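Chain naming follows the written order as A, B, C, D and E, and within any one chain the residues start at number 1.
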Amino acid sequence: MLEVEGLACRYGRIPALKGIDLRVAQGELVSLVGANGAGKTTLLRALSGVLPTWAGQVRFEGADITALAPERRVRLGIVQVPEGRQVFGPLTVEDNLRLGGYLRRRAEAGRALERVYAMFPVLRGKRSEPAGTLSGGQQQMLAIGRGLMAAPRLLLLDEPSMGLAPRLVEEIFACVRSLKAEATTIFLVDQNARAALAIADRAYVLETGRVVLEGSGHDLLSNDQVREAYLGL
Amino acid sequence: MNFLEVESLSKVFGGVHAVEDLSFDFQAGAVHSIIGPNGAGKTTLLNLLTGIYSPSAGRIRFEGQDLTGLAPHEFARRGIARTFQNLQLFFNMSALENVMVGRHLHERCGLASALLRFPRLSREELACREEAAELMRYVGLARYLGTAADAMPYGALKRLEIARALATRPRLLLLDEPAAGLNPTEALELDQLIGRLTGRGVTVVLVEHNMHLVMGVSDHILVLDYGRKLAEGPAAAVREDPRVIEAYLGSAAAARNLGAAGAAPRAGIGP
Amino acid sequence: AQEPIRIGAFLSITGPASFLGDPENKTLELYIEKLNAAGGVLGRKLQLIAYDDAGDAEKARTFARRLIEQDRVDVIVGGTTTGTTMAVVPLVESAQVPLLSLAGAVVIIEPVKKWVFKTPHTDRMACEKIFADMRARKLSRVALISGSGGFDKSMRGECLGVAKKAGIQVLADENYGDRDTDMTAQLTKIRNTPGVQAVLNPGFGQGPAIVTRNFRQLGLKMPLYQSHGVASKEFIRLSGEAAEGVRLPAAALLVAESLPASDKQRPVVVGYKREYESRFKSEVSTFGGHAYDGLMLAVEAMKAAGSSERAKVRDALENVRGYVGTAGVVNMSAKDHMGLDLSAFRMLEVRKGDWTLVP
Amino acid sequence: MSAQFVQFLLTGLTVGAIYALVALGFSIIYNASQVINFAQGEFVMIGGMATVWFAAAGVPYAAAIPLAVAAAAAVGLALEKFAVEPARGASVVTLIIITIGASIFLRGLATLIWDKQLHVLKPFSGDTPIVLGGATLLPQSLWVLGVSLAIVLALAWFFGRTLLGKAMLATSNNRLAAQLAGIRVRHVLALAFALSAALGAIAGILIAPIAFTSYDVGVMLGLKGFAAAILGGMGSGAGAVVGGIVLGIAETMSAGYISSAYKDAIALLAMLAVLFFLPSGLLGRRGTERV
Amino acid sequence: MAARFATPRAGGMAALAALIALLPLGLRNDYFYDVAILVGLNAIVCVGLNLLVGYAGQISLGHAGFFGIGAYGSAILATRYGWPPLAAMLAATLAAAAIAFAVGRPILRLRGHYLAMATLALGVIVYMVISTEDRFTGGPDGMTVAPLAIGGWALRDPRLWYWVVGALLLAAVWFALNLIDSPTGRALRALHGSEVAAEVVGVDATRHKVMVFVVSAVYASIAGSLNAHFSGFITPAKVTFLHSIELVTMVVFGGMASTFGAVVGAAALTTLPQVLTPLKDYEMMVLGAVMMGTMIFMPRGVVPSLQALLTRRRDAAAAAAAPAPRPGDGQ
């Protein structure tokens, strides 16, 4: 479904990605692990088109989308839940969610809204509060909900469990699994590397802008290097 | 006299009772953790304890002094420092300067001496710079001494906030989700750092969702839910409390998993 | 070839007084060109060096210094406003360069400054002319409404100063801002002041036109006097029908074509008006006329002195007698560096959308 | 006495409605980009001057007005494309200086294309004053009030009810997140500039019959509009209107009852007093930021 | 380490001093001196304003008001009441400081655009008082100002003025650099970065903001007084909000949070209109275009952008190793 070849990105003159090759197949759940500053966020931003690519190619379902504008990618179904929540602070919770479904028809968006509320009941209670006043974890739920509103076909999740209570972390991972069951393709970045690897079909390890390891989630979990560097074992 | 006394503290936003009729005492020299579901009011509580919000009702006493209603810098002057859930750094400065700002309270610098650059000032500046650098090494940021704050990775920035807070020479240090965004290996370093802090005589209040960290370092845990106290006690008791499992920890299995905290891997917090 | 004669100018071509400075600048350009086409003066070409001070006194002073030190001009025309002129006075006095100001206030020539002359009538004369007309119509209790600019305030001050002597009682004294869009509040206050028989509005730009319209809108019936600051057809265009019956003192230029053939000024003002209007496709104002007078006085003086030397030109300027300009007949003297008297002012009234002479 | 009060009130309303229209223009651009557009006053100027120009060329009002509004909108688009967008990511102050540069540029351009004279437009429905409770009002003032009201309602609907309106707010708040939500941020920004330029132009056309127009009308109206927008709360449509009307009435009342020389100072003092108690204006958003 | 930090300031001071000392070689006549003096006076205002705007991050669109208080205070006391000019200047400066202190507390509670408007209003109010109270100020037509006399000797020659203003500018820059490098200056920059964070480490935000507001007002007021005495004539044109905006433009143009940038900005925007005069009708357009273009291509201002360019040249080779900036957490 998604093929990345030799992707390189820079911030100014500083290279952040140095030739990434990876594939995500239809219906797969692929995890990406790496230390702070490895370039995980950068990669997701490049995939969403909000960061220009310096070199390389990105193909989605066979079509070259390297130069496609971000909104066109959203239209194709490439949807990202960004790191650091990035909610629209002054807008209400409901407006935030509705904007998540910006490109969808009203009726469809309405149904999606109900689903999100069912998943995160807190948000329903706060639907007309400005998003900026939510607690950190509530904002994270909002960010995830907003992503789901766009009917993703390829969902890019950047640290979705950050700041969430243990109970909710369980729920988020359960939700990821059920999305996968509904045939949504998922590309997941999470500091909770153990959980992220445990549910992944396949995974990549990123180090200073390069893919250094790749394999099934299970294999990587038992890889000694990974255990020491990312799992704290 | 208790170190930190909070008495029927409340904070209301519009109709939301973010903190409601909350009372507790914290003892000096211990690590106190505050946990609770998202939106339970933990950050709000820290904001109250540092004067960023003034309470709708209730009192805050620190080392016997009533601090209710004072400005944030007054709280700092009394020896309370903190970090933020969302980074609040001075991105227009270098990392070292960020920490030097933390020394502000301990510098004697009037307008006149600043404008005229009295020699005493230069000497003090040198000392300040040295102490800040020392603190950065202490939290493990030795390699970022000259780096601009806006060019540092997330994990380093979290520690930079801690260094800056330490520069105020606090007796009470409040940490709001210091481990968020850190991978398990990095969280482990944090664990050790907190241990060293208590060794220095700093009382730590930790707000955190990473249960391994919390269960590992806490002497005492306060659990909040809907702004109220849900439970309180030593780690072992709190983690067995069914109300805490129900509201916060999720499946009993997860809680039991934590039971073996000492030996268990310090990584995942999920299933 | 001979050195050209350098005429310096600093004018408020932009800014709040651009209304005055713009036609002044155009006039200078036009006539320098014409004079040169006719062979120049004293057999030498004229060169105009004009700067835009945008109404800022500081800039005016700097430009004046530039004209004197850098451009080495022989004479300076300018100072569109009293402020810009006064800022330059110390400079020209010490550098000894003749200055022909185009601004109105009395302070410019009173006390007399050796090197400073001016071409327009003073605002005090305007007040005297207006008050005389009021007395003739048996109006003695008036209300003032003035703008906040230098021109407006200076004239307001002069009018308040000479009112008593002219037997006029000022019952109300209102103000409006530079760019206000509505003056009904002030006029309503005037309307509700008992005993007011006439209203006088010192000012230039759009303010007086708005006052005139608001005046009619509120149904005020008493006579309305404007100042020489709105002496151009533009005022009538802006005010529309509301201008009917408004009186103001102005130079003959505004009624050029209806002057009797015997009038000494007629050929001058008709000539200037035709030149200006055919060249710029817009109506003359008395302000352009002031610049014309300034330039021509300088030329007269140079011719009389037979030289462009600063000191000689100054002496010749002080001795100008019977020069017929757009503002009137100028008779300078050591005590009078303007040389105009009240007869130079005509009282005009707007009738059927045009200026007419009040007999 | 009371007729006098009514007169002051009506005058204040008219003046205030003009400020409100200018303030709305500020608010729209601010909402979409967080930029305070100091060239807003120039749109007012372009509206008035272009209409005068078209009318002088023999174009009937019914065509001249839309043409002028379109011209202003085009200038607004150009401003966004050539001056604001290239400086994306620059600090707010830098953007403010850019718009100040733009306003100087546009004013200079206006003196070249047009002139430095004052111009007047014929009132839309005659000059005969309407008498209301002993006070009078020009028909043109009714136009100003009516059109302002219509625009405010339209904008309230746009920002409050339509997804595009919300998208505009979202874009200014967080450009990255807006892109990720599928919003075409460039189009949204362009739309905001065009819209606010058009609004400014409409204001300029409506007031030209009352207060005339010239190359530099924008300076003072821009200032008053900015004050109104701040007084009402930056970014709030209703706030812009309330701010404009309050400012207008404060000015006329102080001219009428206190001192016409100090009326602007008094109005500004009143504004400062309001800000001391309501630091984000009368209807500004409050408390959406926290730590 | 201290040496490393002392170098740019000492170097900058030396360069500025050398420039001031050598500039007269290029000043052909009094007109050039006149312009140079105006540059110096504007630079003094801008250096002070930059402390407030560039370092502490508090915008002010009302500093022409303080300039006006200095100019008119000094002018009125010296000219109408016969005070010795230096005493008049001192009194005016104290008045400006007192006013800044009094209004600073309530006004500086406001943020961003609200602060901009409030300071703008403050400036406009000062302007209105000055242009209305014509008994004292001469109104819009302005007033003549006595020359700067010390004892019986009056300072009139622009060439002397040049050295006086040059020396004062150096002092102004030196004080500003000292302040920025002190703990107080660091606290100010911290306020700019994050006000809450500064507060929780013990910085009294209000006190510091008011303090720097007063300092910048004093800078503006002194420059105003000097300007009045130098010109010998003063009109309210220098007190309008347009002049306030011009001052901020100079600061931003030269580079925020760069003291030498403020000097460069003042120099550029003071001389530009003099240079553009031959363009006549196109002058305004070109001025506007230059402003826009500079800010688009050098968004951080001339000096910081050029500095960045130079350093980049210098360590272009070592570039790859340097860590990159990253934005803070989303909210």
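Rule of thumb we're sticking to: a residue touches a chain if its C-beta (ideal position, glycine included) is under 8 Å from a C-beta of that chain, and two chains touch if they have at least 3 such contacts.
As the structure is a prediction and not an experimental result, all values here were calculated from the model.
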> Within the chain touch network, how many edges lie on the shortest path between subunit B and subunit C?
Replying inline: 2
> When you check each chain against subunit A and subunit E, which touch both of them?
Replying inline: B, D
>> What's the distance between the Cα centroids of subunit A and subunit D, rounded to whole Å?
In response: 42
> Per the centroid of Cα atoms for each chain, what is the distance between subunit B and subunit D, given in Å?
Replying inline: 47
>> Report the inter-centroid distance (CA atoms only) between subunit A and subunit B in whole Å.
In response: 29
> Just how far, in Å, is the C-alpha centre of subunit E from the one of subunit D?
Replying inline: 31
>> Give me the residue numbers in subunit A that touch at least two other chains, ranges are fine.
In response: 37, 82, 86-87, 89, 132-133
> By residue number and range, which residues of subunit C touch two or more other chains?
Replying inline: 14, 148, 175
>> Residues touching two or more other chains, restricted to subunit B: which are they?
In response: 13, 43, 52, 84-86, 88, 153-154
>> For the complex, give me every residue of subunit B touching subunit A.
In response: 13, 16, 36-40, 42-44, 85-86, 153-156, 177, 180-188, 209, 211, 247-251, 254, 265-271
>> Which residues of subunit B touch subunit E once you look at their complex with the stated criterion?
In response: 50-52, 71-73, 75-77, 81-82, 84, 86-93, 97-98, 100-105, 107, 109, 111, 113-117, 121-122, 124-126, 128-129, 147-148, 150-154, 157, 164-165, 167-168
>> Give the list of subunit A residues in touch with subunit B in this complex.
In response: 33, 35-37, 122, 129, 133-138, 140-141, 159, 161-171, 173, 191-195, 198, 228-233
>> Can you tell me which positions in subunit E touch subunit B when the two form their complex?
In response: 1-2, 175, 178-179, 181-187, 189-190, 192-194, 196-205, 211, 215, 257, 322-331
>> Give the list of subunit D residues in touch with subunit C in this complex.
In response: 4, 7-8, 10-12, 14-15, 18, 111, 115-118, 120, 127, 129, 136, 138, 207, 210-212, 214, 216-217, 219-221, 252-253, 255-256, 260-261, 263-264
